[in-house]
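Okay, structure first, notes after.
Just so it is clear, A, B, C and D label the chains in written order, and each chain counts residues from 1 on its own.
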Amino acid sequence: MKKLLIAALVLLICFSGLVFAGGDQEEPAVKEKAQEKAQEKVTPAADDKNGGVLVFARGGDSVGLDPGRETDGESFYGCTQVFDNIVEFKPGTTEIQPALAESWDTSSDGLEFTFHLRKGVKFHDGTVFNADAVVFSLGRQLWEDHPYYNHGPWKYWGGMDMSNIVKDIIAVDNYTVKFVLHKREAPFIANLAMDFAGIVSPTAVKKYGTDFPNNPVGTGPFKFVSWKKEDSIVFEKNKDYWRRPAYLDRVILKVIPDATARYLALQKGEVDIIDFPSPEDLEEMKADPDIKVIQQAGLNVGYLAFNMDRKPFGDKRVRQALNYAINKDEIIAGVYGSAGTKAKNPLPPTMWSYNNDIVDYKYDPAMAKKLLSEAGYPDGFSTTLWAMPVSRPYNPNGRKVAEIMQAQFKKVGVLTEIVSYDWGTYLEKTDHGEHDMALLGWTGDNGDPDNFLFVLLSAAAAEIPAQNISFWRDKKFNDLIIEAKETMDVAKRTELYKKAQVIFKEEAPWLPIAHSVVSEPMMNYVMDFKLSPVGKRQFYDVWLDN
Amino acid sequence: MSEQLLDTESIEPIEKEPGRFREALHQLKKNKGAIAGLIIIAIFLFIAVFAPVIAPHDPLSQNIELRKSAPFTEGFLLGSDDLGRDLLSRIIYGGRISMIIGVVSVGIALVFGILIGVISGYYGGWLDKIIMRLIDIMLAFPYVLLTIVIVAMLGPSLTNAMIAIGISQIPRYVRMVRASVLAEKEADYVVAERSLGASNFELMFRSILPNCLAPISVQASLGVGEAILSSAALSFLGLGAQPPTPEWGLMIASSREFITSAWWIVTFPGIATLLAVLGFNLFGDGLRDMLDPKLRD
Amino acid sequence: MTEELKNNNEILLSIRGLEVNFHTYRGIIQAVRSVSFDIKKGETLALVGESGCGKSVTAHAINQLIPMPPGKIDKGEIFFEGKDLLKLSEKEIRAYRGDKISMIFQEPMTSLNPVFKIGKQIADVFMTHHKISKKEAWDRAVRLLELVKIPSPASRANSYPHQLSGGMRQRAMIAMALASPEPGLMIADEPTTALDVTIQAQILRLLAELKAEIEMSVLLITHDMGVVAETADRVVVMYAGRKVEEAEVHDLFEHPGHPYTLGLLNSLPSNEKYKGQTRLEAITGQVPDLLTIGLWCPFENRCKYAKDICRKEFPEKTEVEPGHSIWCHQVGKLD
Amino acid sequence: MVRFLIKRLSLLIPTLLGVVTLVFFMIALSPGDPARVMLGERANKQQLETLRAELGLDQPLGTQYGLYLKRMVRFDFGKSIKTGRPVMEEISNLYPATIELAFFAMIFAATIGIIIGVLSATRKNTWIDFTSMVGALFGVSMPVFWLALVLIMIFSVGLDLLPTGSRMNVRYYFESITNFYVIDAIILLIREGDPKYLSSAVKHLILPSVALGTIPLAIIARVTRSSMLEVLTQDYIKTARSAGIKESRVVYRYALKNALLPVITIIGLQFGLLLSGAILTETIFAWPGLGKWLYHAIEARDYPAVQGGVIIISTTFVLINLVVDILYTLVNPKIRLQ
């Protein structure tokens, strides 16, 4: 028995001995690259940017890598590397530019779009990219009789209501595809740039079947190599990419669930870029000489929605009073830190047609009290304030925002009880209108104002299960956004959306809180990484400089 | 010290055996661990009861400008949290909540545990078999997941967390009580009392149960410590106490990200949890040494 | 005194004025109070008395197996082959244990390690005291089992304690006690109390045979006068930590001197005076509490012949005849 | 022995069936619907209905449960609602990581725990006894997630001795064979003679094992102590001492073998708890284990995934206890030869 004990002890000691003797230096990717480059000249010539392994640390693992099937951002991080679309967002902006389609033309009635595809492009499995691939990739999501329709559910396609927009997809010839629409839809082109419209290799889908999400094959800058679930996905450079091949040899998406642990891993050089840092560490990161933080106003908005079907939120004066009662600066300082800007409109400032001459409700508790007493609540009322339990891009800590609001509302006599459920229940109850006031938010998909104003505030969106959780049904506002939805002329649409925002300010169905600034801390040697407003993480242009 | 050596059967007590209470008190004095534990528990009880009096500030009043101020800055003995609330007051109120959590959940576990344990042990037969299968199922169920599933069913709140922790601790008491009831059931005094016409109820609760109190009281005191830790874990997962309640687990969970920038916000509630649980465990351990004749000095 | 012992190689063990107290939380229990006696080589001395009289404590003081604390040997010397064991270091006394001084216990059921084979446990003792190989130690163990008349000793050596009967286990323990080339003293602490009568007789006969074969003295601790009569050469009677009488076994049974010894013998059913009678005579009263015991004769509260003097001081030794001494104020005055 | 095995295994089936039923109805009855979770903020009416239909969530509970049991019999645990992958495939990816961490945490906890237990038993009520027991109690009383973060702060960021988390240096690319990284690393060491994989795998195991191991360590130490104290008062210990056997041998051979019997049961129990209790450790150390995955499955109301996970953990739990019981009879001859 004693022998057993000693054996276990020896086991422990030899392990630790082995650990420190082992040849494992935890040096970051850079040094490996340095040995390669040692003999080359100093200034980085064009080809000198090549090589190196980039490790991107994120909060969760992808659910699947079939672009049409998933909705979570983590899955799209993976799909972005492997798939291209026929049109894409210009990196760092929401403008549309050609990709697999060199050009396209629209019919006069705006119901037909014909795309002219790029020739000589190959999928990672060597098969040719052509019109059939486009029809296959999108058709499998449209036609219920499509042999691969049941590989869905095609959640995003449904989310963007594409089945009611697209009537038919026709391969005119090997390199021309025509889309026929049911009705005019201004944001249609932008929708085709979204992740769900990624072009998959039909041969690979036929080969892997339901296992395709684990073996993605596309035309993108990186090829899929391997996936250790809940741990890491490895991609490698696609040498015969139809554009200049990417600089990096390999990209690894690493899962580190805890934000603090991600920051510690970055400090130790175990990873090169981290996603969703905790706002608290931002100051420290900016101060760190080895780390740089790239920031960009996020295409998102976090808001507190008043359930207008419930007393007393039906009364506009009460909603306006509550807007006066909140000091947004305290919320930004307490929760968002330097990763957030105050919000006054339902649209984020970076969105075109953002109406900047609207004046926000300033923090004025006295005014709030006056309005409340006018509305018949001289000494306030008590109600519930719902806070989402999970961290979202538009609101890193729902519960803390609720705590701050609770204290501020109390000053004007409005007593609130903070209520929270797990994420699934929270969404279900809010879109069934079981709340009084509820924190929620939205991240833009296609960079089009319609994706905010119609999806979140239209009368149509107020049917249960509603996305318009204020249940605000304003005829004037509704007519404006529907008209804007159907005109193609951008200037006309901007005019309409600006008018709609004025009505929104007056009626105040929400208390807009903030637009979170997306921050991406990384090591100094990571060059040319650009954040994308629609939340993509593209490593095509990235290279490592040491 | 082994009994054999001293031929204790020969030293019959001449005068009346010293009162059980005095005897227990005397044993307690001998056991350093139990005393230390008792002192810590007493301190926390005192803090819990007189929280409003002791706490320098209202635990919920926020002061965003003074957020994350370091310990010993004016007004904040232990510093302030990320919303500028006084950490010391929140820890004091947190102590009250943790005490309630510990007592309520162990209370639930004890009441049901003893009830089911005695009935299943005393009556036996098919009833016992079913109960044992149920207990096996609950024990096979991973303890943490059991609490999570129960809270998922009832919805996340402090009371539901207490109920969940209570329910998940029931099996251990059932098993322990049943084991000692089975052992005592055959004892002569039980047979004697039954022959004198004592009812099943009297037998179960008046004569058999007191004999199983020793292990139960030890497990109960250890259970309180475990309950506090479980509620902290549940809060960490967002299923226990809801903001702004100053519960230690929630305080640690929601301030995890400050471990680098403001270490005290995480550390002090951690130490408070540690001490409280340590107190109960020490007392529980001391109790076991005291009540187990073999280990007695 | 020690020179006389050294050259008189007849005396194996000599205990002089031994005092053992137990410091418990309820006070000091005076278990043994200035007890002295000798054991000659090859002799079987019986230490007799009711349970709690300190006989077992005295025995355990020899090889210092009393747990200290709470026990403490406050006074006295224990000479073994002329050397005072109480002066030895822990390492030195351990060399004696199992080699020159071995011990067997009362409860065979629990005195053997349940998770080790019998042969292994005995071989272990051999290997502790002598540098011999495992194989050889095992063989010696089997031979010892044979010596103590355990049937098919080779297979028994391979079995576990719970596979043996009570009697067998007691024999195994005796074998373990003999696991040393020259056994000096065997301390038998109530070896037969837990056994039924038939087995008891076998074990006593075995002890007698072994004593004949190996020059071994036995310190027999018992409260059973029947066993004493059958096996002991000399007897020491103890009461409440004190030695009250010492005599050759025949002298003690023929004409006991001390009232307590008389009471013990009277309460024996085999005593011929009970022919035809039904009621047994018992000694009235109880043993005094060792916590509050005084310096006077401890038996005074139960002694029919007790006088004032008995309640003041402990009586001196009176030698009634060579080798037969009594500690009582009323020597000779018993009717 | 075989009869004993059959009896225990036959008990396994009703227990597991009970666990499955318990989980199915508990999750099914709890609010929140998996389809909602999957769609997040962007669910609209029509889309929810199609998704629920596709996932078969609109059928009555009874049919869902019946369908589920039918598939269970054929060992088809169904597909995870969230990923659409077979549940068993998901679990098989994560199970080895959980077992590996639990195993090393247990080696750490048992070795140190037993040593502390024996030391404090043999030196009862001295300062060693008191400090080791209070030290062990510290282990039990400390919130795990707090300890984990402190360990990282000190040993990884501070002293730069150990990595902050995950199972292996992320830049090492290797084909996992058994998905037990230590075993894979040893195979690689043999095949390619490159020690860096093994050294990295071990380095990544140290902190999580210590963090996860503290609670079982404390419990094992306490159980060993009380068991040793009891054994040391037994008669056969007195016999051994009276036979002149060295005190260290008496303690470490004679007493310890008897004292370890109850400890083995506790080790089995604690090992089982580590399988699912590592949610917090897995979160902070970025360990791709079953605990964290199962917690998210519950949150997403992903019944098939939760059931698959709970069945695997409960089966392992029950099997471990069975192994412990068998080990117990092997070590304790009295029971074995009955």
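Quick notes
To be clear about the criterion, a contact is a pair of C-beta atoms (placed from the backbone, for glycine too) under 8 Å apart; a residue touches a chain by one contact, two chains touch by 3 or more.
Everything numeric in this text was worked out from a predicted model, so none of it was measured.
Ranked by separation of Cα centres from chain A, the top chain is C. In this view the innermost chain, defined by its CA centroid being closest to the centroid of all protein CA atoms, is D. Distance between chain centres (mean CA atoms), chain A to chain D: 36 Å.
Rounded to whole angstrom units, the spacing between the C-alpha centres of chain C and chain D is 55. Centres computed as Cα averages put chain B at a distance of 24 Å from chain D. Taking each chain's centre as the average of its CA atoms, chain A and chain C sit 89 Å apart. Chain D has residues 31-32, 149, 153, 235, 238, 257, 299, 301 in contact with two or more other chains. Among the residues of chain A, those in touch with two or more other chains are 258, 260, 264, 421-422, 425.
Annotation for chain C: residues touching 2 or more other chains are 65. Partner chain B is touched in their complex by these residues of chain D: 11, 14-16, 18-19, 22-23, 26-27, 29-32, 125, 130, 133-134, 137-138, 140-146, 149, 153, 222, 226, 229-230, 233, 235, 238, 272-273, 275-277, 279-280, 291, 294-295, 298-299, 301, 306, 310, 313-314, 317-318.
If you check the complex, the residues on chain B that touch chain A are 60-62, 64, 67, 82-84, 152, 155-156, 238-239, 242-244, 254, 256-262. Only residues 31-34, 36-48, 50-51, 54-55, 82-85, 90, 93-94, 107-108, 110-111, 114-115, 149, 152-153, 156-157, 160-161, 163-167, 169-171, 173, 175-176, 194-196, 198-200, 202-203, 206, 252-253, 256-257, 260, 282-286, 288-289, 292-293, 299-301 of chain D touch chain A when the two sit together in their complex.
Within the complex, the chain A residues that touch chain B are 258-260, 263-264, 278, 280-281, 283-284, 330, 333-334, 387, 389-390, 397, 399-400, 402-404, 406-407, 418-422, 425. Per the touch definition, chain C reaches chain D in the complex via residues 63, 65, 94-99, 102-103, 105, 107, 110-116, 121, 124-125, 128-129, 160, 162-163, 173, 176-177, 179.
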